[in-house]
Structure formats: structure tokens, C-alpha cells
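Two complexes are shown next, each including chain A; its partner changes from chain B in the first to chain C in the second.
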Partner chain A sequence: MANTYTLIASVTVGSGGVASIGFTSIPATYTDLQLFASLRADGTFGNAWYDSYVTFNSANLSWRDIIGLGSGTPSSRNDTTNFVTLGVPSSGATASTFGNVALYVPNYTSSSNKSASMDGVSENNATAAGMGLHAGLYSSSSAVSSITITPYNSPTVKFAQYSTAYLYGIKNS
Partner chain B sequence: MTTPIAIEVNCATGEVIERPLTAAEITQREADATAAAARKAEEDAKAASDAVAKDALLTKLGITADEAKLLLS
Partner chain C sequence: MAAGSTYTPIATNTLSSAASSVTFSSISGAYTDLVVVCNAGVTASGGYTLAMQLNGDTGNNYSGTRLSGNGTTAASYRASNLNYYFAGLNMPDTLTTNVIFHLMNYSNTTTYKTALIRMNDVGVGTAAMACLWRNTAAITSINLSAEVGATTLLAGSTFTLYGIAAA
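Right after this comes the complex of A and B.
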């Protein structure tokens, strides 16, 4: 990894799981942000993956997505709601598997609107697996100082133990 | 029901905080779940309606699903 990457903070979920994972007070000293998360949900919503969403400064982004479900033709989707990544295996997926979510936020301190790109792939030893490419827009002049990822479909579902998230800062020099 | 816990890392101090969700966060999660259930019901209804329409069309054409796939390949 390029030496301009600096690990800002990381989280490993403990026993019992958590309802959300957040990074707060993100320093404004980098050029871009990169979040890598390995996640699993402890509930299901009839699928092998579990819908989850990302907020910046507690606000939703507007997303445009291409999603695949392990079979059939990938489709596009506009998320005016906060229903985003499918890269989180549900409790219906193969046991002890974790998905991958990578979120990139260029120029996160800009006073203009911020873009974000994200990819997510769940894990399952079967045909059904959620995956997606996502382009996001955060319409705000504020720097991104907090990022939160939350399971979407149920008020009781949590990210499972051993889920992890790593936030990196990237400098362009 | 116990209040769900959020985990937050303060990137300035490195402090990891585990805290109960706020009332607003719980309300948001409940709204999300309601929206998700409505969306799933809509998607399931459309899938069921599409399947019925597809079967009706195949019957009208007098061909099987495999024959339809062959035509489109």
C-alpha cells in the first residue's frame, strides 16, 4: 500500500454485536478517505445478504447503484432512500463468512458537494450473493467528519461479532 | 428488549465508545424497517405478477419456458 495511506482508526465488533459502526472526529488533515469493512449481520431479511447504509455527518447520501444478486442480469437502482450496500452477508449466508465493503471519499474536506464511490460483495457458499457498485453524492459544504454504517432492514439486527472496519487517510503528497 | 449498542471510534483521541442508540436513532431504525418491509412487499408482488404474466404469455404462444429461452438466445 502506498506510504501516503495512514490508518486513522479501526474497530472490531465484540460479542453481542453492534447496531452501527461509526468513526467520529475524523481529522481534516488528509486529502481523501478510504474505509474498508468486513461485515456480517446477525439477522436475515429473506436474502443471503443484508442491506446496510452509510451516512456522512449523520446525513444520507444520494446513490446510484449497479447491483447483482448472484444470478440473473445485474440491474441499476437509484437510492433516494438510504438502502445501499449489499456487501454484508446475512445470518442466512454460509456460517462465519464476512463480506467486503470499500468506500472511497475524495476531497472529503472540500466546501463543495462531495462524491463517494463504494463497492460491496457479500460472501456465501451458494448461488445467492449480493454485490454492488455505488456512486454517491453528499450534498454539503461541510467536511466529512463522521462516517457511520448501519444495518437497514430491521430495528433489531446488528453487525455480528468479528466484523471489522478500518478507516484510512490518504494524502496526495 | 435491551437498547441496541452503537460502537464509535473518536478518531481524534482513539477512544472507542460503546453507547446505547439515541431515541432518534431507534426511531430511524424503525422507520427504515417499515420502509424495507414495504419495499420488499412491492418487489415480491411485482415478481409474482410478472411470473403470472409470463406463464400466460407462454401459454398464449404455445411454447415452453425453455423454448422461449432458445428463441432469445
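Right after this comes the complex of A and C.
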């Protein structure tokens, strides 16, 4: 049976952390891309999570989201830069806790603009936590050949040791 | 997720011209769950969500709850006795909407069928949906449309059905 859900590359962060996690030279042989990441930052941001940004081909995405912080009414935001995920706990969050990021990019080689779906959660054994649903748009006719996640204020702030990211390619035939 | 045979493309459809709907039929019961990945738009902008009907059921046997954000306001909404699964927010007339349906335990003949749905379009917002189809039949066909033919789906829209096997 065809191998239709294929690991393209993975990253496991070692001692000392890394300033960003990136996948480059993504082959154009799949239909969709799926990225799963388990991340934690070594900086604090005033929240349980640490703002971290996703770029395609080193370019920003425009985005809209809905976020919940564990109390109060959920809110919704939008911007044309810094496609942010809430799936990265800050260093002030519960120890040994890593967030989850799931990013899906259909038709990533299309010559049309690319629409992305991203979910991010940062659990925390405290009052504040964070979860977000995010829509992104990469306005380019170029295929997505690289994806990078970078914490705010990098390289001063890094992704912590034991963070992981896995990029899969999915074929529709 | 294991690679390969546990995540299998069953069928795919890229619209060469605008169409009122797309149907996947004769779906095998050999998998555990189904995933439908859509990248779509509509020919008449505004007011139309992607709709899914199962096994040709056009009755008012569907319901759903939506959590959404349009970029400035967060909202929650639900509707009962609909005649389709509603997939989030209204689609624009560009190919910028992605919708991913997860249909769990679709082939059992004991329980009603539920779905988790994620919809994204930067022009309108993002949404997560939980939907229910009040029918115990195994899902053997899936129809996708812009609110059951309220308008047509754009040429270039893509729809792919995957089967996920537990083992």
C-alpha cells in the first residue's frame, strides 16, 4: 500500500536550546503538509505561553484567531504579520510542561495563495493557560519550501531542551 | 501516527469547473475514522458555508455547535434540526478556505455519528465545530456543497477523503 503519510524531517532540541526550529528544502512531492510540535520557551512573556511565530519561506502570514486563556470571555485577533501560536509555554509555566502545535497546510505547492490551519495549546497548573485556533494565509504563488517557528525576542529567548517538531507530507493518491 | 497504510487516500476531486456539489460514494467500512480535507471557495461570495450531508440524508437530522473568531470578536453558536453538517463560517469567492472534517467511528451501526471540524479563512475568521448526525447507519457516502446548492463551489476547489485504520 502506498506510503501516503510520510515523515519528512524532525527536530529534537538539545541542551542549551535553539533560537528557532526550521524545516527547509521541503520537497514538492506531497499534497498537504502537517506539522506537529511539542515546544517550550526559556523566556517569560507575562503569560503562561510565550508568543512564537510561524513563517513560510521566511515570509509572514496574515491571520485571524480565537483564543481562550482559562478565564473570562474568549477573544479574537487579526494581523498581517507574526502568525502567532499559543502552543509554547513560557519558562514561568508548570515545570516540564510542553505545549502542542498542530499546523496543517493543504495544497502547499499550489500557485494560489496558501491557507493554513493551526491549533496551539499551553497547559499550565495555574490560573492562566492558553489555547488558540488560528487561520493563516500565505499570499504567494510559490510553493511552501520552508517552515520556521521562532520565539519572540529570539535569539535571547530560545526553545527549550526536549522540544520536538515533526513535519509530515501527505499524498492524496 | 504511523506512516503509510494507516492513513490512506480513498478518493480526491479537483473541480475543473464550478459545481454544485462533490460526492464520495461507496465508502468502504474498512477504516476506523475518516478525514476530509477541503480547500475551497464559492462563486457567490458571502452567506454560504461548506455543507456536508451523509448517506444522501437531506432530512433535518443534523445539529452542531460552533466556536469562532472573526478577527475582532469571539462567538459561540449552535443550531439543531439542520439538514447538513455546517462547516464553520461563510466562504468567500476565493480559494482561501480550508476545512478539515474528522468523522469518528464512522462505520459502526450502533451510535449516532459525530464529527469534529476545523475551518479557516483569513478573510472571514477561524472556527471549530462539533456536529451530530442522528443516524446509526455506517457512513457510506459524503456529499459536500455550498449550503446544499445555495450557490456553486469554485473551480479549482479540492476535496480529498482519507481513511484512518486503527491497525
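Everything below uses one rule, namely that the second predicted complex is superposed on the first by the 166 of 173 C-alpha atoms of A that agree within 3 Å, B and C clash if a C-alpha of one lies under 4 Å from a C-alpha of the other, contacts with A are read in each partner's own complex, and residues count from 1 in each chain.
Throughout what follows, a residue touches a chain if its C-beta (ideal position, glycine included) is under 8 Å from a C-beta of that chain, and two chains touch if they have at least 3 such contacts.
If you're wondering where the values come from, they're calculated on a predicted model, not measured in any experiment.
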{"item": "Partner contacting more residues of chain A (chain B vs chain C)", "value": "C"}
{"item": "Chain B versus chain C as contact partner of A:Thr156, first or second or both or neither", "value": "first"}
{"item": "First, second, both or neither for A:Ser115, with chain B first and chain C second", "value": "second"}
{"item": "Partner chain in contact with A:Arg64 - chain B first, chain C second, else both or neither", "value": "second"}
{"item": "Which of chain B and chain C A:Gly92 touches, first, second, both or neither", "value": "neither"}
{"item": "First (chain B), second (chain C), both or neither touched by A:Gly43", "value": "neither"}
{"item": "Which of chain B and chain C A:Thr73 touches, first, second, both or neither", "value": "second"}
{"item": "Contact residues common to both interfaces of chain A (with chain B and with chain C)", "value": "none"}
{"item": "Complex contacts: residues of chain A adjacent to chain C", "value": "1-7, 31-32, 61-67, 73-78, 104, 106-107, 110, 112-113, 115-117, 119, 133-137, 168, 170-173"}
{"item": "Chain C to chain A touching residues, read off their complex", "value": "1, 3-9, 12, 37-39, 67-74, 94-98, 100, 118, 120-128, 156, 158, 160, 162"}
{"item": "In the complex with chain A, residue positions of chain B that touch it", "value": "1, 4-14, 16, 18, 21, 25-26, 29-30, 32-33, 35-37, 39-40"}
{"item": "Contact set on chain A toward chain B in their complex", "value": "8-11, 13, 16, 18-27, 45-46, 51, 53, 81-83, 148, 150, 152-156, 158, 167"}
